[in-house]
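By written order: A, B, C and D. Residues from 1 in each chain.
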Amino acid sequence: MIQIGIAGSSDPKPLEKAEQKAREFARELAKHDAILLTGGRGGIMRVVSEEFSKLGGTVVGILPEKAEGNEFNTIKIKTGMDFVERSAILVNSSDVFVILGGGVGTMIEALMAYNLRTPLVILTDTGYESDELEHLAKEGYFDHKKIEKVEFTNDPKEAVEIALRLAKA
Amino acid sequence: MIQIGIAGSSDPKPLEKAEQKAREFARELAKHDAILLTGGRGGIMRVVSEEFSKLGGTVVGILPEKAEGNEFNTIKIKTGMDFVERSAILVNSSDVFVILGGGVGTMIEALMAYNLRTPLVILTDTGYESDELEHLAKEGYFDHKKIEKVEFTNDPKEAVEIALRLAKA
Amino acid sequence: MIQIGIAGSSDPKPLEKAEQKAREFARELAKHDAILLTGGRGGIMRVVSEEFSKLGGTVVGILPEKAEGNEFNTIKIKTGMDFVERSAILVNSSDVFVILGGGVGTMIEALMAYNLRTPLVILTDTGYESDELEHLAKEGYFDHKKIEKVEFTNDPKEAVEIALRLAKA
Amino acid sequence: MIQIGIAGSSDPKPLEKAEQKAREFARELAKHDAILLTGGRGGIMRVVSEEFSKLGGTVVGILPEKAEGNEFNTIKIKTGMDFVERSAILVNSSDVFVILGGGVGTMIEALMAYNLRTPLVILTDTGYESDELEHLAKEGYFDHKKIEKVEFTNDPKEAVEIALRLAKA
């Protein structure tokens, strides 16, 4: 089954706009056969996991160190590694990766996906700094190596659609 | 749900006695609510995953580098790390760990479980070198720190029973 | 002794402007007591290591997988991990981190340093995409958590000066 | 230059016999051109690092998480990973690996070296559980794959001699 990874702010109280879009993304994704992978912690990650698991989906949390993570992880992977290193395992394990709005940790995961050649969809207009990635990506690429074209959309339903298409490619 | 990790030889053609015991272990485990975690590759890992998934169970393969692993992994975690490093993630993520017979990689995972304080059950009389761990463990402990008592049994059904008891502890 | 980490493009033939600045940075740094840490590979990393080791400095290469790296590594750390994961070890091990110009791998290391609270100096006007980080950092911070203020300069000598000051702080 | 890794107990007060042998090993090694790699912490690791650095040698400590380690590390690699995972980086980075006496952590590193095909020398008669590895290794091999023959000696000077020979091989 397709493994869809997401990244988003771990802020305990995420920005309302980002949270709403994340919930909509999760409900839309739950209509399809897919396994959800997240960094396993709070904020946007928790919100997406809540919606997705309430609708019967399986959530895999890739956790830093021996953290237990949020209560909606169906499966917990305890990496024993710091939060930045464990991000690479999350991205590596994803057939496609979706950015749902966040700060520096989220932006690192976006750039990792590009660098590791994992197809990448970035949801914009979330209010978070990750929105700026659209300016950083000239013609859809983060650097001169043009590793893999990044897709941007401000619509969470379209983000699901693009993600499923790219994962199947 | 309980996450039960197993270790076993990656030999493409495992020893017959070990393979039979591993299949029996998997069928017994499938009667209970548990998620199976393995190193995701061939040999004993593949055999256990086959039996367990045929009976409806979910198998998580914690893979080295970007390996795709055997065909019975329900979920694939691609660690990007070498096979020894990824073993630690497998052991860290397990609520209890069961040794089903193998060589040096399997023995490393047994010692890691003890060292990381993950409850450990070792199935003996498999024909593999991991059988020797019973001699290495004086009074059930691998060293003077007496971190966690190791359980030994030569009966795969009893191995399931002990594992479920320890995981619940 | 202070451990100064650097990041830069692994392009076999780096941009001339970036290379000249990197060489100047290395020669200036060699006047001081410091150990140089790099990702151990080619391009800007190799150029900096060459200048620094020619002047008697010790270079530690933090390598992906079992790569041997460039010929100017005094000490080789073979992480067994993919290139993105090993970047976190490089950044974690640095008392201060300096960006000398590069693409996505270099930008990831810059964001990691900020996220891991390693003091960060970014050399600009190199011709590489990492120059854009100055626009990404509003008032010197990559996100709303304002973890650690980032310093920018287009002068390699000043980059050394700032790095030594921050590392000592 | 040759990178020699060592493993030994982190017991704050190591067994006297093991400590004496470890000091003798370090003094003998310091007569040769080599860089010493350790897990960076206390006990036998600290004792060896003390002797080796007092005689002018360079010591690299491969540390778990962000630990600072003992005071005799010339260079500190902060892996951000748990102590078992960082062991693999220590072993991977060593041209040859020497066991100086220890418990389960030390035994794990011995088996990792064998599994990762790093030449391995085991100093016996230290009083620690790692002495038992001689019984585990039938005809010098830990398993049926016969990956790399392990050398045993109870003499620390001979351990240096064997290590230098194997590293050069």
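Definition applied: a residue touches a chain if its C-beta (ideal position, glycine included) is under 8 Å from a C-beta of that chain, and two chains touch if they have at least 3 such contacts.
Because the structure is a prediction, the values reported are computed rather than measured.
With centres computed as the average of Cα coordinates, no chain lies farther from subunit A than D. The pair with more inter-chain C-beta contacts, choosing from C-D and A-C, is A-C. With centres taken as mean Cα positions, subunit C sits 28 Å from subunit A. Centre-to-centre, using mean CA coordinates, subunit A is 41 Å away from subunit D. If you average the Cα atoms of subunit C and of subunit D, the two centres end up 31 Å apart. The set of subunit A residues that touch two or more partner chains comprises 66, 80-82, 84-85, 88-89, 92. Here subunit B touches subunit C in the complex through residues 65-66, 80-82, 84-85, going by the rule given at the top. For subunit B in complex with subunit D, the residues that touch the partner chain are 81-85, 88-89, 91-92, 103-105, 107-108, 111-112, 114-116, 128-129, 132, 135-136, 142-145, 147.
Touching subunit D in their complex are the following residues of subunit C: 1, 3, 35, 58, 60, 62, 66, 74-80, 88-89, 92-93.
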